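I've put the structures underneath this note.
First chain A sits with chain B, and in the next complex the same chain sits with chain C.
Here is the complex of A and B:
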C-alpha cells in the first residue's frame, strides 16, 4: 500500500478545514471497508486519508417526530438492530442484512455505501424507494439532495472536494407500509448483487408502489411506468403483476461483467419484480406514524 | 515512517503500538507478536484476521491501526487463562473442527462474540454468524458442531463443567 498521511479530525468543522487544506489530494473514509481495499489494490493512491471515525457528531440514529436521521458513521449492523428502522423501513433493513457478512457489517456504513456509488450498492435502491435525502455540509454551507441526484454515475457523486455527507434523513411513513429487497447472488454471503429489486408499498387511501433497482443501471433508477400501472389498478392480479414486471425489465440497462450477463440481469429483474410485488401485497407489514 | 503511537488495551493489558499511518491493525498486531491473526486475503473476504474490538467482531485487515486508538481489543491469545484453553478452543479440538488451522483463530473469535450476544444460537444463527469466516478444509459441519458444543459448555449444560461466568 502506498504511503499516505492519515488525518483524524474530531469535529465536522475540523473535517472541513482539513479538506480545504488538501483538496483533491484527499479521500474521505468512514468504515473503510471499501476505501482500505482500494488502497490495498492501488486502485486509489491519495496523499491524504481523512478518517471520520473519531467525529462524535457523525454517530447515531436519531428519531425525530416525523423523520429519522441516519448519521454518516451508522453501520449496517446498527441499522439491523434498530427497532424503529425495522418498524418503518423494513426494505432498508433487509438490504443491510443482504450486504457482505456480519463482520463487515460491524464497520461498513450506510452513508459510505452511497458515497462509494457503485451501481451494485445495496443501500441505493431502498433509499430511493424511501425518498431519503442526503445531507451534505461543506465550507460554503449545507445542502440536501435526493439519493437519485446525489449519485451521478458509477463511482461518481455530486459531492464537492470540500464537502462531506453528514447523514441521510428519511421521512417516517404516515400510513402502513410494506417493503422488501430481493437480490440475485451466487452465494448468500460476501457476494455482490447480480441484480436486485427494492419494492415498497405505502398503503392507505392513495396506495403507492415504488420500485427501484440495484446493479442494472449507471445511476439510481425507478420503474416509474410499472409504478404507474400498479398505482392505477384497483385489483392487482397475476396479469397486472406480469405486465409490471415487463415494464420494469424494459427500463433497466445493465452491463455484462464477471458476475452476470446483461441478458441474465434483465431476466432476473422481471422475476425479482414479480416476487417483490407479491411480497409487498402479502406483507410483512411496516408501520406508519400515528398522527 | 513508523512514528505514530497508538494506545490500546490488548487482551486486558495496556499496550502501545508504534505504527505508520498506513499500517493496518492486522499488521500492527502481528508485528507486536499477535500471530493468531492471520494475513489471508487482506481485502475483507476471508475472516482469518478476525478480532473483537470494543465488543464487536471485525476484520482487522480493514482497520487502520490508528483508528484503534483507545480501543479494547481481544484476540485468541486473550482467551487462554492460566495456560488453560478456553472452552471454545477445546470444543474446536474435540470436534475435529481444525485441519490446517489457518481460519481457526478467526472462527473462534467470531464464535466468542456470537455466544456473548446469543448464548443459545440456533443452527441457522450459527451459520449466519460464521458467513464472514471462510474455511477451505473441514467443510463447516465440524465447526458448527464445535460452536454448539461451546454454547452448551458455556451455558452450563455440560454435566458439571465450568459456567459462563468463568469465562
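Here is the complex of A and C:
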C-alpha cells in the first residue's frame, strides 16, 4: 500500500473544499470496505484519502412526512435495525442482510455501495425499485438524480470530482407494499451475487410490480417488459409468472467469470424472478436469501 | 508397574492447552515477533507468464525507491530444494514455469518500500507453450515442464521418468488382474476428477531468517508445521552443516498440510545469506493474495477406475489410473501419489489390483500435502464408483460394501495383512443413526432429498523411518515441562501430550506445559503430518514420562527405605500408604534427596523417550508389495442426509453421521473437534472449492473474494460423531491417527446422496450450485452422468464474454 495523507473534514463544506484542493489526487472514503481493499491491492493509489466519518451532517436515517433520507454514512446494519425501513422498504433491508457478513455490514454504507457502482452491488436493485434519488452536493450546488442515472457503467458514476453524495431519499409508499431480494450465491454468507432479483409490489387500486436486477448488466436494469405484463394482468397465475420470468431473463446481459457463467446467471434470473413474484404476491416475507 | 492416580489422564474431557491465550489474543505468531530496526523486509516479484524464458530482470527503477537495498534473482541463490525430489529453486532460474512463480526478490528497510519496489521490477520473457491439463501432460511430451528431471536428486522410493512430465510413477501389481477381469461376470469403468484446492489456513506464511556473519549460524523463525524437516531440507539444499541451522516455530494459525515440509523459508533465506545483507534479519511475509502461489495446494486429480465383480457380488479386481496434477513441483506432491496408490483397494478385500499412479508436472502452482494426503481425492472417486457398481448390480450399496469389507487378516493391495478394526460395526451404526434405508420426503418445498454413505481409510504415509523423540522435565514445584517438537496448530496435540504425561506421572494436567518447538532445545521429530503425532510422538512422550516416573519412584524408595512397589504418585503427591507417608514434589527433584545415610542422591530429573516404527518395509518399486508398508490404517464411515434445490443447484446437508475406529481416544474433545471440523472441510471441498485458471494459466481466485470455503452458515444442520476403540498393537495406548480421516468420506457420501435424491451422478468435483444445476438440467434431458473437465473454466473463458 502506497503512503497517503488522511484528511478528516468535519463538515460538508470542509469536505468540498478539501476535494477542490486535491482534485483527482484524492478519493473519498466512508465505511472503507471497498476503498481499503483497493488500496491494499494497489488498484487505486491516491495521494489523499478524504475520510467522511467525522462529518455529523452525513449521519442518520431521517423520517420525513412523505420520504426517508438515508444519509451517506448510514451502515447496512443501521438499515437492518431500523423499524421504519423494515416496514416500508423490506427489499432494501433484505438486500442489506444478504450483503457480506455482520462485521462488514457494521462498516459498509448504503451510499458507498452505489458509489462503488460495481454491477454486483446489492443496494442498486432495491434502490432502483424504490425509485430512490441520489442527493449530490458539490461546489456548484446540489442536485438529485435517480440511481439508474447515477450509475453510468461498471465502477462509473456521474459524480463529479468535486462532488459527494450526501445521501439518498426515497418516497414513502402510500399503499401497502411487499418486496423481496433474492440472490444466487456460491455459499450462505460473505458472497458477491452471481445474480440477484429485487421485486417490489405496490398494492392498492393500481397494483404495480417493479423488478430490477443485480450482477447481470453493466448499468442498473429494470425488467420493464415483465413489469408491463404483470401490471396488465388481472390474475397472476403460474403461466403469467413463467412468461414474466422469461421476459426478465431476456433483457439481462451478464458476463462469464470465475463466479458464474453467463448461461447460469441468465437461468438464475428466470428462476429468482419466478420466486420473487410469488413471494411478493404471498405478502410480506422474511429473510433475503433464496429459500 | 505403574502406580499412579490422576483425574486428568487419557480419555478425559479437558479444556485444551493454549485455547485461553488464543482467545485472549496474547499468543505470539511469527508475524508478531519484533526484531527492531535491524529488520529488513522482502517482497516477491512474480512471473506473469505460465511458461517462459526469463530474458531480462530490470531492477533499475526498483532500486531508486528509498530504502531498497537489493533485488535478488534466481542465479543469486542457485540451490535446489525438496523433501522427496529436489526439483524447485526458491526463485526461478532461467525459466519461469507458472504465473506467480517468484522471479526476483526485493529487500528493503521497510515492508512498504519492498512491496512498492517489487511492482517496479520489469521482467521480460520469451513465452513458451504451457501445459495445464495433467492427462495431456502425462501422455504427450510436447511440452516438458522440467527438461532436467533426470538431473534432480530424489529419495529411493520416488521414481521420476526422465524426458516426460511424470515426477513419480507408483505401481501396484497384486495378483492376476488380467485374469480377474477376463473371468468376471461384470466389469465397470468410471472417471472422476477433483480440482486443485487450497488449505485456507488463517495465518498466511511468515518467515524471518538471520545469519550470524561471524559463526555463519543461521536462525529461522517460521510458520511451519515441521521445524526439523525445514532444517533438514535447507541443510541439504544449501549443503550446510545441520548443527549450524536453528529453526524456531512459534504457534501457527492452521496448517492442514500447507505448512509441512519447507515452504517459503529458503526464499527468505536467499536474502538473509546474501553477502550484502548478511547479519541483518530478513522478514518475508506472504500476503493472502500470494499464499496459493507461494506453496503447495492440494493436487488436482483425475481417476480412471475399472472394477471387476463376480456373479455373486464379490469384488475380484480393480485397475486404477490416477493422474495427480502436481503443478511445477513434485518435491512433496510425489508422496500423496504413493499414499493413494497403496490404498488402491479402498476399504475392500480385492484380490487382484493393478494401479498406475502418476505425479504429473503442469505449468500451475504446485501441489503437495493437504489434510488427507491423497485419500480424500481417491475416496471421492472410489467410494462413488463402488456406489455406482452397487446400483448397477442392483445390490444395496451398504450390503455391497459390507460384503466386500477388508477384514482382519485379509491383505491390502500391497500384500500387508489388515489388522483388526470395527468398520463393520461402524457401518451398521451409521446406517442405524441415519435411518439410511428410509427414504424421507424433503423438508423444503420443491427440493429433493437423499441419503448416502461412504467409507474412509487412511494410513500415515511417512517414510519408513520417520521418528519422534521427547524430553519430559520435572520442576522443583512439581510441575512438568514437555519438549516434543510436534506443532500444535489447532489439532490439540499438546493437550494430548499433557494427558499422556498426567496418565504416566499422576501429575494433574494443569501442572503440565508443552512448549512450541525450537530445534535448539527440543529433541528431533520428523514432521507434524500424517495424523502421526499422538501415535509416534505419543510413544516418545509416554516413554519419556514413564522413565521420569521410574527415576522419581526409585529416589523416594531409597529416601523412605521402602520397596518401590509400595510408592504411588496420586494427583501430584508422592505417597506410601504402607508407611503412611505423603509428600509433595519439591526442590529435591532439582538438587537431590538427602538419603538416610546422609548422602545426596538424584539431582534434576529428566525423562527421555524416542520412537521409530520398528517394522516398516518400503514396497517393491515394480509391484508395490511389502510385508508391512504402513503402520496402521484408520477406518470409518460417513452417512449424509441432504437435499437439493433443483431450481438453483443449492445443496443443504440436513445431517451427517461420522464414525471412526480410533483405537483409543486420548483427548475426546480433540477427536470430536477433528471429526466435526473435517466433516465441514470435506463438505466444503465437495461443494464449493476449486482453484480456477484462465486459458493463460492465471489463477482467477487467489484470495477469499472468490476462493470460497464453507462458513458456519454452510455447515450441516447436525453432525453426530462417534468412535470405536479396537486397540492398535504398536501404539502408546492402542490409539490410531484420526486428524485427517474425517475429511475423506464426506464428499463421496454427499455425492452418493445426491444420486439417491436425483438419479444423477456427478463425476467432477466440486458439486457447485452451478454444476449441480447444469447436471439436473442434463438429467431432464435423459442424461444419468455429468462431467465437466477440471479445465472447463479455461474453455469457458476462451468463448466467454468477459467484460461489458
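Everything below uses one rule, namely that the second predicted complex is superposed on the first by the 284 of 291 C-alpha atoms of A that agree within 3 Å, B and C clash if a C-alpha of one lies under 4 Å from a C-alpha of the other, contacts with A are read in each partner's own complex, and residues count from 1 in each chain.
Criterion: a residue touches a chain if its C-beta (ideal position, glycine included) is under 8 Å from a C-beta of that chain, and two chains touch if they have at least 3 such contacts.
Just so you know, these numbers come straight off a predicted model, no measurement behind them.
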Let me test your reading of the model: by the given contact rule, A:191 touches which partner, first (chain B), second (chain C), both or neither?
second
For A:174 in the superposed arrangement: first (chain B), second (chain C), both or neither?
neither
So, does A:41 touch the first partner chain B, the second partner chain C, both, or neither?
both
With both complexes overlaid on chain A, does A:271 touch chain B (first), chain C (second), both or neither?
second
Once the shared chain is lined up, is A:51 touching chain B (first), chain C (second), both, or neither of them?
first
Is A:161 touching the first partner chain B, the second partner chain C, both, or neither of them?
neither
Please work out whether A:255 is in contact with chain B alone, chain C alone, both, or neither, and reply first, second, both or neither.
second
I'd like to know which partner A:3 touches here: chain B for first, chain C for second, both or neither.
both
Go through the superposed model and pick first if A:102 touches only chain B, second if only chain C, both, or neither.
first
Footprint overlap on chain A, comparing chain B with chain C:
1-3, 41, 101, 188-190
Chain A to chain B touching residues, read off their complex:
1-6, 8, 31-33, 36-37, 39-41, 49, 51, 53-54, 77, 100-104, 106-107, 188-190
Within their complex, chain B touches chain A through residues 20-22, 24, 42-45, 47, 50, 56-59, 61-64, 66-67, 69, 110, 128-129, 131-133
Chain A-touching residues of chain C, taken from the complex the two chains share
112, 115-116, 119, 289, 444, 645, 647-648, 650, 687-688, 692, 700-701, 705-706, 708, 710-714, 768-770, 773-774, 793, 796-797, 800-804
The chain A residues in contact with chain C across the complex are 1-3, 41-42, 101, 119, 153-154, 184, 186-192, 194, 217-218, 253, 255-262, 264, 267-268, 271, 274-275, 290-291
